[in-house]
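Input: a single structure, listed below in structure tokens.
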Amino acid sequence: MHFASDNTSGVAPQVMAALNAANEGHVPSYGADALSDAVRDKMRDLFDAPEAAVYLVATGTAANALSCAALTNPWGAIFCHRNAHIEEDECGAPEFYTGGSKLVLVDGPHGKMDPEELRRTIEHTGRGGIHNVERGMVSITNATEAGTVHNPDDVAQLTEIAQEFGLPVHMDGSRIANALARLGCRPGELTWRAGVDVLSFGGTKNGCMGVEAVVIFDPARAHEFEVRRKRGGHLFSKNRFLAAQMLGYLAGGAWLETARHANRMAARLAEGIEDIAGGSLLHPTEANAVFATLPRALHRRAQEAGAHYYMWPFDQPLEGDDDEPLTARLVCSWATTEEEVDDLLDILR
Amino acid sequence: MHFASDNTSGVAPQVMAALNAANEGHVPSYGADALSDAVRDKMRDLFDAPEAAVYLVATGTAANALSCAALTNPWGAIFCHRNAHIEEDECGAPEFYTGGSKLVLVDGPHGKMDPEELRRTIEHTGRGGIHNVERGMVSITNATEAGTVHNPDDVAQLTEIAQEFGLPVHMDGSRIANALARLGCRPGELTWRAGVDVLSFGGTKNGCMGVEAVVIFDPARAHEFEVRRKRGGHLFSKNRFLAAQMLGYLAGGAWLETARHANRMAARLAEGIEDIAGGSLLHPTEANAVFATLPRALHRRAQEAGAHYYMWPFDQPLEGDDDEPLTARLVCSWATTEEEVDDLLDILR
Amino acid sequence: MHFASDNTSGVAPQVMAALNAANEGHVPSYGADALSDAVRDKMRDLFDAPEAAVYLVATGTAANALSCAALTNPWGAIFCHRNAHIEEDECGAPEFYTGGSKLVLVDGPHGKMDPEELRRTIEHTGRGGIHNVERGMVSITNATEAGTVHNPDDVAQLTEIAQEFGLPVHMDGSRIANALARLGCRPGELTWRAGVDVLSFGGTKNGCMGVEAVVIFDPARAHEFEVRRKRGGHLFSKNRFLAAQMLGYLAGGAWLETARHANRMAARLAEGIEDIAGGSLLHPTEANAVFATLPRALHRRAQEAGAHYYMWPFDQPLEGDDDEPLTARLVCSWATTEEEVDDLLDILR
Amino acid sequence: MHFASDNTSGVAPQVMAALNAANEGHVPSYGADALSDAVRDKMRDLFDAPEAAVYLVATGTAANALSCAALTNPWGAIFCHRNAHIEEDECGAPEFYTGGSKLVLVDGPHGKMDPEELRRTIEHTGRGGIHNVERGMVSITNATEAGTVHNPDDVAQLTEIAQEFGLPVHMDGSRIANALARLGCRPGELTWRAGVDVLSFGGTKNGCMGVEAVVIFDPARAHEFEVRRKRGGHLFSKNRFLAAQMLGYLAGGAWLETARHANRMAARLAEGIEDIAGGSLLHPTEANAVFATLPRALHRRAQEAGAHYYMWPFDQPLEGDDDEPLTARLVCSWATTEEEVDDLLDILR
């Protein structure tokens, strides 16, 4: 019963097969190989974006931090949700890569920036001229850290505010597959057509070994990204193995299949939680994460029975008042089975 | 006939097998898995260094730049050979990760810092007190960018000078397997026993997909490295797949076998070059790279026949005076075959 | 009627006299002169801190940002009040000098961090291990941006929390003279005896031309500060003229006199404001700034009559509902006269 | 007998008078005052550059490092002379402000880059595409650290090479007054008409207290400079006192008078040195510094008699073989007197 994170899972079969297949002979290094070309073409097709620049890196933090650095000056504020991954889980990588940008936090329910809060926060920033940091960029997480999803209209609402102030927009899509699986819309609709300039397109959490694509819809921004990737030590010499992962992941829509599966497992789990006495959901379950509030005693029972997941916040003690409602985060992945979900629910019931 | 670089090769079978084997079930992410533990133990054994901290990253640039950042302040000079990889081939990654250190270049034949030049250069730096950058650290490449090897005495000669000035020493060992294969000494002898504080232990060029270990012999320096790795986006969530590569690489001495093979292929090629009329070697062939000086016409003939390699410097034109001697770099790897070597020599003869 | 800022004033006579007197002959540059020595000794005496290191810079932003850089790693959070000068008015200088620290904002009334909020915020930060930025340092502004003052107990309450977590403490004392004038305590009581490690001791706003001292109570931190000052371009070649300002400022307690005067003017103004119909104070007037809430029509009348001051926030329009209460910041300095204060009050009445 | 540096001198009378005169009443802070406007206009006139942006800072290191940061990306190489001030005397400030640029050193006699060396060095840099740092900018020192002067043709020879490669050009003119005094040409001729994009126009060494103007001939680059100045802590609140210095310095050509005087003193000293047995000049004396080679015994005699100057390099011992020729640097300033020069020559004779 593994619900600690989607990244405790392994590599999906089709991705592993692609890696094995790519291991043939000599090919040019540093991305000058045919597979790297194929990824670029494939992503352009997928996004209906024939001019887009596409780069591969191995981690989500690299994808996000490099994207921010390509979009804002060191003195430009990055507007993001208070609980965004770039704020809470990257040890200051955006600050490091940008040369010291300030992340300015925007409130909003369920991991989504409230549009009026975003506008107010942007307006408040940089009013003092040279004395303040300037307005730099907006970063939207989709699916969010709260397991919710922005649909194209939600995204457009935020990007329109950004555009009013002339700010470029990044989307942290480390779980964009889960968002797209939920929404059923085309990738282009959720991104550049909705006003996104640069996308971190996640692979790792949803079945890859370690690969994320950065899709830069305005190719004028591409060169800087490319230099920063190298300078950050994120250009792979054997880049074909990043490319092979991404190609195996995308082939035949495998990536949407794995995401749909993860979302289904989360929905099944969420439904079960709500049926339990004292069980409720802190956030709507729209992607692959379930934020389950349950009496402490149930959490203790589940974890004693071998269920792996984190309390949210994670440092809540399992010892204490049995009836106190505590929240936990349970994440499903391509590798989660119905049995695991049902086993956990059985224990909780 | 692939001699452009050792990184145009694929993944050695034992490493690929290890990757496939590691793809089983759920394991804790971010290095808290059993394979990551096993790598640490294995490296400590290998180096007779039971206290060493061991971290994995995916690229040599990351390993080197993070190591430098952990060893010197932003205002500390990094003393290295004029043609070191950190100076010439990392797009300023050491400057980026250190927050703006100055690389101070040391001359010396065949890619090796001349000890007296090193001493003179260190002495010259930082004499002006607060007005100058301070002396920060020394970085030694082994095997060198010129395909030569420092033996333990060579290393000790340099590290003793560093120690006189209280400077820590980094070894860029992206090809340390080739050096050790050449020398036949123990890894500890070539590194910490010879005065090295932090080692970039390469895997990628010698048969891995993308993994380098950073071995920090003084564990007091470990925490800072770990934070910087995360902050640089180089901590893998599915770290087991970095660990699996390294374990497959090390298992049963496979890594030394692949390195010995690459060195043998280079020696065979070097010998052949010297037998050709007008052929000579710019540097002694001590590892897996051959710096072959040949009449221009021979280079043209080889490349027209499909041999892949770079002129050195790479922008020398193949059109021009046929007899003019031009140098090229030819690199062998674990995947180079005797046939490739002999085919190339046949063409050149 | 100049109330826009204390920095619109000129140089107090005794400081100007010291500058003129210092302009005699040749003296060693870069702080190796007798006046620079005298400042160090004078500050040590003033603070009963015979080991303290003392450095001069010309701006408050330099003093603060360099102090932060000397106290925290790039990955250490800086805890400060939401409206601290380092957060709102330095264009990201702390982020720049530290190499990308994150300022983590603490709420609290009247410009002062609430101790429980500080504790909660520190506790919340860095819980996620390597994924989060670490806890770095605490910065306290005294007098605050809201014109209030921390007394030694207030300071100790905050520094004790910092110490629980092992965090060093910086005090932004660009207006510490106003705080000390208010409190009547000894400088050491308000700083190192209350747990402050590094102090920005302002001079500019209170009668100097452009000089701030950084007082480092733990001399082990001094060298790094000194290097960073030079590297930041803040080491003056003709340092005697920074030293002369500071000596003139301190001589005979002149600095406390100018601060007392500024505080008295602010108190006189505040008292008058409260007597006006519709007039009130947003914050208690404890130093030299008055946050006056008045009906819009009165602000318009005052400004039309030539009073210089900023609305707070400054972009509130003077046109609109006459009765709407709007707040403004009015700052007094050593150069403010009773006549100016009374003239303004006459207009407002 | 003060020849240690031009910055051991004090403030020239007309500059001190201007400072005193500026200390009148309240004026807007941060450069919004009339004197700051007047400096901008005055500098535009002086340089026949009506569009130029003009900013004031207090130190030469700030002027240079901020200028570099405004002209090159972090991954752009800065080409400068091996002994340029930005390389040898600023503790890595250019690396800090640029975010890690690499200074790539160019050889050439007497402190001046040899044009062919510059071309060769630029050509050599960045050839390897993404693997190398890119070509960023060129920085020329005038007058040089060797006391020599580039005339407009010399400058144009270097800037034309820069332009071939599309590189902007900075001039470190911390002693440009001495250069202009020597050449007798107009400031515009030696700078923007000769291809310079940004100039550090020194004041401090030649009679100011601490002020340098940065003149940005292409106003499109101005905003970034302005933000970086603030972010670096180099924007003065009481900016009028930087402006007053510069205005006093420029008024009536005072600055050229002080520079001409310093140059004359250096010429007088140089002539005397050459007449001494065993005396010679390491570099031609074209500005205000004399590089005098003399038998050790004479240096010892001079210093024992109270002459202040640095050996060059400064750590040559005064004890040793009496006849060994040793070089020293002797710098004259606006404050050097004929008596000082003659006294020193008398001692040496």
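Letters A, B, C and D mark the chains in the order given here, with residues in each chain numbered from 1 onward.
Convention: contacts are C-beta pairs under 8 Å (C-beta built on N, C-alpha and C of every residue); 3 or more make two chains touch, one makes a residue touch a chain.
Keep in mind it's a predicted model, so treat the numbers as computed, not measured.
*Asks:* Which contact partners do chain C and chain D have in common?
*Replies:* Of all the chains present, those in contact with both chain C and chain D are A, B.
*Asks:* Measuring between mean CA coordinates, which chain is farthest from chain B?
*Replies:* Here the answer is chain C, farthest from chain B.
*Asks:* Starting from the mean Cα coordinates of chain A and chain C, work out the distance between those two points in Å.
*Replies:* One centre to the other, that is 41 Å.
*Asks:* For chain B and chain C, what's the span in angstrom between their mean Cα positions?
*Replies:* Here the centre of chain C sits 51 Å away from the centre of chain B.
*Asks:* Just curious, how far off is chain B from chain A if you go by their C-alpha centres, in Å?
*Replies:* A distance of 34 Å separates the two centres.
*Asks:* When you check chain D against every other chain, which residues touch at least two of them?
*Replies:* Residues 74-75, 90-92, 96, 99, 130-131, 227, 230-231, 235 of chain D each touch two or more of the other chains.
*Asks:* If you look only at chain C, which of its residues touch chain A in the complex?
*Replies:* Residues 74-75, 88-92, 95-96, 98-103, 127-128, 130-133, 313-315.
*Asks:* Touching chain C in the complex: which residues of chain D?
*Replies:* Where chain D meets chain C, its residues are 2, 4-5, 7-11, 16, 19-20, 22-29, 57-63, 65-66, 90-93, 96-97, 204-205, 209-210, 227, 230-238, 241, 308, 335.
*Asks:* For chain A, which residues are in contact with chain D within the complex?
*Replies:* Against chain D, the touching part of chain A is residues 30, 73-75, 99, 130-131, 134, 224, 226-228, 230-231, 235.
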